[in-house]
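Two complexes, one shared chain (subunit A), two partners (subunit B, subunit C).
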Partner chain A sequence: MSSATAVEKPQAKAKKANRRRTFSKRDRFTLGVFIGVPTFLHVALVWFPAVATIYLSFTYWTGIHIGDIQWAGLANYENIFFNTPIFWDALRVNVIWLVWFGAIATPLGILLAYQIDREIRGSKFYQAAYYLPVVLSLAVIGIIWNFLLRPDGFVNGVLGLEISEAVSFFGDDRYNIWVILTMASWRHIGYIMLLYLAGLKAVDATLREAASIDGATEWQTFRKVVFPAMAPVNIIVIVITIIESLRAFDMIYIIYGSSGGLPILGVLVFQNIAGEGASMKGAAYAVILFLLSIVPIITYLRQQFKEDMK
Partner chain B sequence: MSVNEVNVNKEDLRLKRHKDTQKVKDRIITIFIGVFAIAWLFPIAWTFYSSLRPYKEIRAGGVLSFPKELNLDNYVNAISRMELPTYFTNTVLITLPAVFLILLLGSLMAFVVTRYSFRANVALLLLFTAGNLLPPQLVFIPVFKMYLAIGDAVGDRRFLYDSPLGVILIHVAFQMGFATFVLSSYMKTIPKEISESALVDGASVFTHYFRVMLPLLRPPLASLGVLMTTWIYNDFFWALVLMSTDSKRPITSALGRLQGEFVTDYNLLAAGAMIAAIPTLVVFFVLRKQFVSGLTLGATKG
Partner chain C sequence: MLNKITGHEVDRRLLLKGAAAGGLGIAGATMLAGCSSDSGPVSFGVRTVDESPVKQAQAIVDAYTAKTGIEVTPNFTESNAFQNNLSQYLQGTPDDAFQWMAGYRMQFFADQGLLEDVSSVWDEIGDQFSDSYKIASTGSDGKQYFLPQSWYPWGLHFRKSMMAEIGMSPDDIYNWDDFMAALKELKAQGLVPLAAADKGGWEAMGTFDILNARINGYNFHVDLLAGREKWTDDKVKEVFRHWEMLLPYQNTNVLDLEWDGAMQLLLQKQAGFFMNGSWFGGNFLEQSQEDYDDLWIIPFPEINPDNGRDTIDAPLDGIAVAKNGGNPSGGKDFVQFAASIEGVEAQLATGVPLTSANNLQDTSAYDPFQKQQQAVMAEAKYITQFLDRDTRPDFAGPVVGPAFQQWFKDPSSTDSILESLQSQWDALAPL
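Up next, the complex of A and B:
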């Protein structure tokens, strides 16, 4: 990458030449295909369905004949907000998830990255250890943790409990959410660490050294020098934290199946859009899920397209 | 590489300021991080250890009993009883074409958007990047209905629904957004005059892309390819909702059913999960550089 940026750029001339260019028929066709095929696929399978779902969330439809679609106004949403107590249970779990990620897992990931970046002894090994769960699928992670936590698993074994009196970590409401959050953090912390480490590599090391020579403590250096310099990465980390917290699905599904167990928005949407229970209430759920993540999405886009917008 | 230079530089400066308090603090932090790192590896290590033991031993003596037998029997059994080769074939049939198409179409899009100044360029790039961030659940119902309708129209209900093709297409449609975004920020760092000289030589758009740009895109394509392979390999949602025949599902989605079916022999399941994790472990051990740079290419703009 560095080799590409190193070359100087007499841009003005190039730009002019570019604007003056006219395309041959064949080139116009090629360009059309180059843009047309990806755009068609993307619009047809992402944007069109997204808009259609928003429309369908205001209708009643059994999903068989297009002609059967009936306008329902806000009925599906009213149903969710006022007659579906489990929605609020699920929202509560998602909020706890978000608070946990935001207050504990993400800061831990950042802290780890910061310490590992200082090249403490063995940092290569530590980095690898924390990064390992990031490549695993959430399905495999579910199975791996089930190994430790099932009634005849490691933890109950260490506690010396027989199967009959074993703690049901996934079944007991006192523990399940915290167990799930631990599992999710196992992966999330490494993910945040990787992103942050990459960002830290780009922060000028002399900046930090200067701060420490001026007598700043590690904490002051981080808060006043490194953290502000990391603004773009910070936004990405926040966006990822919010989106992952709201969309959690795979791991819960692999542990509990579609039957619930721990109510969470991702599974609730799934129950209402897939299979037998499909209804346009599911569409409304999906729209709610989308609306909850719209602020981080827009924040992210604004940051990434700052230069282009000028 | 510049990163190494920075590291060396850092080391020099650090040696200069040996503060005793900092040293003590560092040692405590190191121990802390070290203990956590070992705790981090424990769940995987334990699963691996369990996969080497027969389940009946645990039944008899508990999980903490001293192992009498350690062998690969569970692995051999998992491969045949869980039909893992079938699921792996399914995975390959979905992942390879999907990754190829994502890289091809994403790079074409990024190429046009960054190398030709059309008015719609920024809007298109925004559309693709934003589309990638939409929740999959938001698009599922219409995609499902469209797949069935298209299937009926061509006379084969399972043309897209319950077929690898349908899963491939939805992955391509979604992840192309990410690929386009990442590759376009990479291409912006490639000097314009490389393109200019190609155009002065009278190269067509086609040649310009395949002969001039594509060879320069090798590093980001390798990184993206590794990242996309991992993501699609690990995908659980799409193969679950867009396929109804279990024997067509890729390995990751199949794990859900296998877990229910082999609940009575958990050590066999451990072996199955370890086997399912092998491709991602290869990424971890061998392709780590590509994976990390693919991940951060999008996050930190090159």
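Up next, the complex of A and C:
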């Protein structure tokens, strides 16, 4: 018996090793389909359009006949940087948006998550209330707030103001950007809160206990214990904050259409690439937006991974 | 539009396209397109979701089906969305016939080979239109690609009852001084003297057009929009100097209102004058017959006696046949009916006022407001379409629109805005 098992064992090992090394035709086919189809779709739907956009940003084209594409060199970029003042206005709005999200909306979301995580009274209610806007798309949020704030909207109605005297929430440069940022934060805060809450739930409770036994204050516990333990979630939150502020489009488009009421890069891409006015200036805007989003994210991630390696 | 959102309908074409991108739809759509024969059903793209024009379009469709037995499916799309999607729409699987605009905006798509030559329709019913309309319907290759249906003048609108109450007779306003005096008087009455909007980015173009034509003349205006004159010219600065004189008499939330918001100011009797195209008469009629009967229009006042009141923006709307529609002969037959006097009569039967482009329309049956529109039009020697129909589309929408909005925010920056307009014109892609 014993000798039999001894013989069987190496055989089993050999089989296992065999299985690892070679795949049957059927396996290869299955793997090929499972890897090949998604790869093809990914390349066709993500990489091809991205590379095509980059190429087109160096051309003149009305977007209709492939044969009409003309090489333009850097002309579209020159046009944007040196001749298009609205680009700088839009960039300014996007930067303000990013700073607002980074400095106010995201920290507020984290604060709310932390408070709710402590299970204060009614935390379930707060959680639901803050999370509710997240189930709405930004376009729907634009519609809701537009109903409230437009000249013949709810707020001006309650204030009893005629259209000619209405508070110009969306038209007046003094506050339109802050109105828009409030609208966007309304959703963003809930989103960050939920992400962070999920992370907090996963933090080992004994860490906190240990910290409080050592006499750490609430703030110290968060700063020195909880926050570092949340590193993976922090990365996600930062990346999301950057992306959400740079890709902003839907809400603005619902409220202002493609006109320049409150210029942002996302709308400039659309305005210059859709409709009759299509030119590859829109593609150049898209590339600029792409670089703006990707560079800080890659830099941040690289630095983060380097730290992790240490 | 203030009610853009409520009136927004899901674009069926877009849904179809989405399905097509999904995969199987492509085969389905091609098969459908292949099936449609000459006598097959026709689809009709309508670029509005507003009540009155929808009624008119539906009336044409019903009358055509009643006459020929051919089924016509109208697809209604909100007009801004329709415009923004037009390139993609015409390259995909568009409706056989669709509503569009004359002049440059039509020629652009004709040049790209996306419109069906409808010269044969012009051979049939061309005698129902004036020569100038034929020119506006002709592409750069000399063939016709468009059939005119209706027109409307841009001018100063007001409510007769309001003016009568104040004791003002706007028909006597002939020149700039008269106009400024009237605005001053209206302001003293506590009204918004001149309702204005520019949230959409295009509304104020009508005011620019007329000021430029009045001050500098038709030729300069046309040359400026074609790039033969410079935006930095002192003549253009003069336009903005006059425009600035109007600002104290306008509502302050110009950038928060779209055209229909400014129209509400007139409808609710808060504003004296409203510079706009007369198409909104239909909206007044939707309110009540009384509101419609109260509406009147006069030409924009003379500024430079050399030019008098010789120019007017009077855009021409109509219908074209899409090359990729799948049923071009069906589409041609339908547009022939739609633009002909039969189509006009079908629309008139709805009771919605129509100033059609068709010479056979019995203008003696026009209501007083329509007759006044005709009179305003008749005074003009030159007809322009509208800024965004008279210049390059990649200049009008993305460049001029935001520039005018910027000017409303800071009227003292005229010089730098004009310099920027010129440098952006110079930087446009070569045609």
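Keep in mind that, in the parts below, the second predicted complex is superposed on the first by the 262 of 310 C-alpha atoms of A that agree within 3 Å, B and C clash if a C-alpha of one lies under 4 Å from a C-alpha of the other, contacts with A are read in each partner's own complex, and residues count from 1 in each chain.
The rule is short, and it goes like this: contacts are C-beta pairs under 8 Å (C-beta built on N, C-alpha and C of every residue); 3 or more make two chains touch, one makes a residue touch a chain.
Being a predicted model, the structure only gives us computed values, none of them experimental.
Using the contact criterion defined above for the overlaid structures, shared-chain residue A:152 touches subunit B and also reaches subunit C. Of the two partner chains placed by the overlay, subunit B and subunit C both lie in contact with A:274.
After overlaying the two complexes on the shared chain, residue contacts for A:168 are found with subunit C alone; subunit B is out of touch. When the two complexes are overlaid on their common chain A, residue A:186 makes contact with subunit B while staying clear of subunit C. Contacts of A:198 after superposition: subunit B is touched, whereas subunit C is not reached. Once chain A of one complex is fitted onto chain A of the other, the partner contacts of A:109 are absent, as it touches neither subunit B nor subunit C. By the touch criterion defined above, A:304 lies against subunit B but remains apart from subunit C after alignment on the C-alpha atoms of chain A.
More residues of subunit A lie in contact with B than with the other chain of the pair subunit B and subunit C. Within subunit A, the residues touching subunit B in one complex and subunit C in the other are 63, 143, 146-147, 150, 152, 254, 257, 274, 278.
Taken together, the subunit A residues at the contact with subunit B in this complex read 1-2, 4-5, 7-11, 14-15, 17-19, 21, 23-24, 26-27, 30-31, 34-35, 37-39, 41-50, 52-54, 56, 63, 112, 115-116, 118-122, 125-126, 128-133, 135-140, 142-148, 150, 152-154, 156-158, 186, 190, 194-195, 198-199, 201-202, 205-206, 209, 212-213, 218, 232-233, 236, 243, 246-247, 249-250, 253-254, 257, 266, 269-270, 273-274, 278, 282-283, 285-287, 289-290, 293, 297, 300-301, 304-305, 308-309.
By the touch criterion given at the top, residues 2, 4-5, 80, 83-88, 91, 105, 108-109, 112-114, 192, 195, 199-202, 251-257, 261, 264-265, 268, 270-271, 392-398, 401-402, 405-406, 409, 420, 423-424, 426-430 of subunit C touch subunit A in their complex.
Within the complex formed with subunit A, the residues of subunit B that make contact are 1-3, 6-7, 9-11, 13-14, 17, 22, 25-26, 29-30, 33-34, 37-38, 40-41, 43-44, 46-47, 50, 58-59, 62-64, 105-106, 108-109, 111-112, 116-117, 122, 124-131, 133-135, 137-143, 145-146, 169-170, 172-174, 176-177, 180-181, 186, 189-193, 195-196, 199, 204-206, 209, 216, 219, 230, 233-237, 240-241, 252-253, 255-256, 259-260, 266, 269-270, 273, 276-277, 280-281, 283-284, 288, 291-293, 295-296, 299-302.
Subunit A makes touch with subunit C in their complex at residues 60, 62-65, 70, 72, 75, 78-79, 82-86, 143, 146-147, 150-152, 162-164, 166, 168-173, 254, 256-261, 263, 268, 271-272, 274-281.
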